[in-house]
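Note that the chains are named A, B and C in the order they appear, and that numbering of residues resets to 1 at the start of each chain.
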Amino acid sequence: MTIPATPIVTFTTDFGTSDAYVAEMKAMVLREARRATLVDVTHQIAGQDVVSGAYVLERAVRAFPEGTIHVCVVDPGVGSDRKLLIANVNEQIILAPDNGLITWAYERFSDVSTHELLWRPTQEPSATFHGRDILAPVAGLIAAGNFDFEHTRRLDRPVLLDHRIATSLAEARVIYIDRFGNAITNVPPTLLNNHTYVSDIGPIRKTFSEVEIGDPLALVGSSGLLEIAVRNQNAASQLDLVVGSVIRFR
Amino acid sequence: MTIPATPIVTFTTDFGTSDAYVAEMKAMVLREARRATLVDVTHQIAGQDVVSGAYVLERAVRAFPEGTIHVCVVDPGVGSDRKLLIANVNEQIILAPDNGLITWAYERFSDVSTHELLWRPTQEPSATFHGRDILAPVAGLIAAGNFDFEHTRRLDRPVLLDHRIATSLAEARVIYIDRFGNAITNVPPTLLNNHTYVSDIGPIRKTFSEVEIGDPLALVGSSGLLEIAVRNQNAASQLDLVVGSVIRFR
Amino acid sequence: MTIPATPIVTFTTDFGTSDAYVAEMKAMVLREARRATLVDVTHQIAGQDVVSGAYVLERAVRAFPEGTIHVCVVDPGVGSDRKLLIANVNEQIILAPDNGLITWAYERFSDVSTHELLWRPTQEPSATFHGRDILAPVAGLIAAGNFDFEHTRRLDRPVLLDHRIATSLAEARVIYIDRFGNAITNVPPTLLNNHTYVSDIGPIRKTFSEVEIGDPLALVGSSGLLEIAVRNQNAASQLDLVVGSVIRFR
């Protein structure tokens, strides 16, 4: 992996956007790497919702180019003894608490290596804001080519959520609801064939326009996973789907 | 039109900011044009509200400098056979579905040319996310100076909304409500003179401070159009104004 | 103070993110300084809430490096005769209306100098959007090294809010509620010692993990000020704290 001259640093948090917290993290990155390109993935992860954070982070890792550095902070355990993680995934770097945020990226890419992040600032970090005081400066140091990887220690068993890609249709679950109300499942296209029929929904479709406005459909969406939708409407509320809902086939 | 060495790419969508979708579009731009400056116009256009999207997009085109590339995705017809549009407006480029989003820019600038965008990625695009799979890569290619304009075809009659700049005061309508509750109309200053009096509101004012806090006023606002406001309060809710409301004069 | 070759410009406003207003300000900066790095602090300051704006702005000034330019617009008096302010604080520049937004930065840093900003655009500015028409172009000119500081005039007494850092525990007040419901006070650590005990809360803690989930605690948070929190929950709603609430000690 090569960190480019104009490195990209992304941010995925549950901080919201009404406080200065996100900007404070960016300031720490820019102090180390003035030429970094900063991209918000989202700061609207529901408070302490590590499951959704893990899903969104994996989408970012899928989209961004080699050398991108992802800072992800959904951290109910801040101030406890949970570890901090630095991971290499898909030729990119993830910096996050070791609380399961890595799960979905860990599951879907084969080239993953994980280390514990031991780096700490010379000034004692705030007890409540490791994103700003540890993860962001490390992102900046990596972006600038100035991070000493001796400040890491191999960690072979990161915390993983009980939240896996389906290996059979019997395991199909909703793993994420997006803002349009589309319900993304853990079912990859490899489990589907022309005969697959989603109970109460219908056959697998190619596009929304195969059904009428207001009708439900199942299709492999932009996530590369099976999604349950209602054309131009909100599937989650109309079909009572939540994270964890079981999807049945026949 | 010249695309500068540090090109600007803007984004106007109804995607919200809670998912990874916006970041995925930005990733596609940065894959092609690492030095691009990315600017969010808004991702809070109400779901599938092409009318508001068209208004906001025109404001962006008015503000940004020559060579800026605007990606605009409010796209109820994704997956149907609606075309994709590439337009030159005010020495800038707009990439958007051909569903009327271009309307307000088309109306207010004289130097508009429109083409159908025929470029498609080598891998078949997602049926649901042409913003990420087609428009963003094209924005990146243009920003990098690598787009082949042979992948376009002249399109003289883009879809336009029934939504026009007023040519007489009889046509005056509210076209947009901003987050402060100001009601922007389709009335340009050229239709107004010293005697113009807005019914139930009063004469045209120069500044908010000409009326008391809580009182309504009409003034040519930062849009360059007549706006109906209430000083330090929400005009739309207090005066029952919505998009489409008729404004009367005497 | 030196403005670097890739200058940083930040934005703190009550504009929300649903309109084009923020992007229009950024466009004006980029017209003057194409290589500027633009960072949003927040646009979710409650409408015309100068007190919260002043607190958030100070956090930004504390976080960013030398030479950063901060544009702050929470401006109930736009269109009246309130002045515009240009301030040097902590080796950075603040551009804001002279309505008290500077207060918290003014209080917490010792190296402050303030001037009235006299620069106006050649075209008469909009009566309602000085952020876009005056402050943003000036930020761009400064970022590009092209601002003529003759367009300023010494202003020794900027408007300050009745809103001060505590000099004794008797003055302790809540000054800001963050999105997690943490209540930040005006009490700096220098007023605290090992015996300080917050009434109805408990002793000063080092980390959240010293109390059980759902229990209240007082600690010096990432603000560098005493904060009242409830572990993993919302302190403001559970303890009925609002801006201005008195904090008692024993």
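Please note the rule applied: a residue touches a chain if its C-beta (ideal position, glycine included) is under 8 Å from a C-beta of that chain, and two chains touch if they have at least 3 such contacts.
This one's a predicted model, so the numbers in the text were calculated from it and none came from an experiment.
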| item | value |
| --- | --- |
| Self-contact between copies chain B and chain C, residue sets same or different by half | different |
| Superposing rotation of chain A relative to chain B, computed on C-alpha atoms, to nearest 5° | 120 |
| Rounded Å distance between chain B and chain C, as computed from the means of their C-alpha atoms | 31 |
| Overlap residues in chain C, where contacts from two or more other chains coincide | 17 |
| In the complex with chain A, residue positions of chain B that touch it | 15-24, 26-28, 30-31, 34-35, 38, 47-48, 76-81, 126-129, 132-133 |
| In the complex with chain C, residue positions of chain B that touch it | 4, 6, 8, 10, 12, 17, 37, 39-45, 56, 59-60, 63-65, 68, 178-180, 206-209, 219, 221-222, 232 |
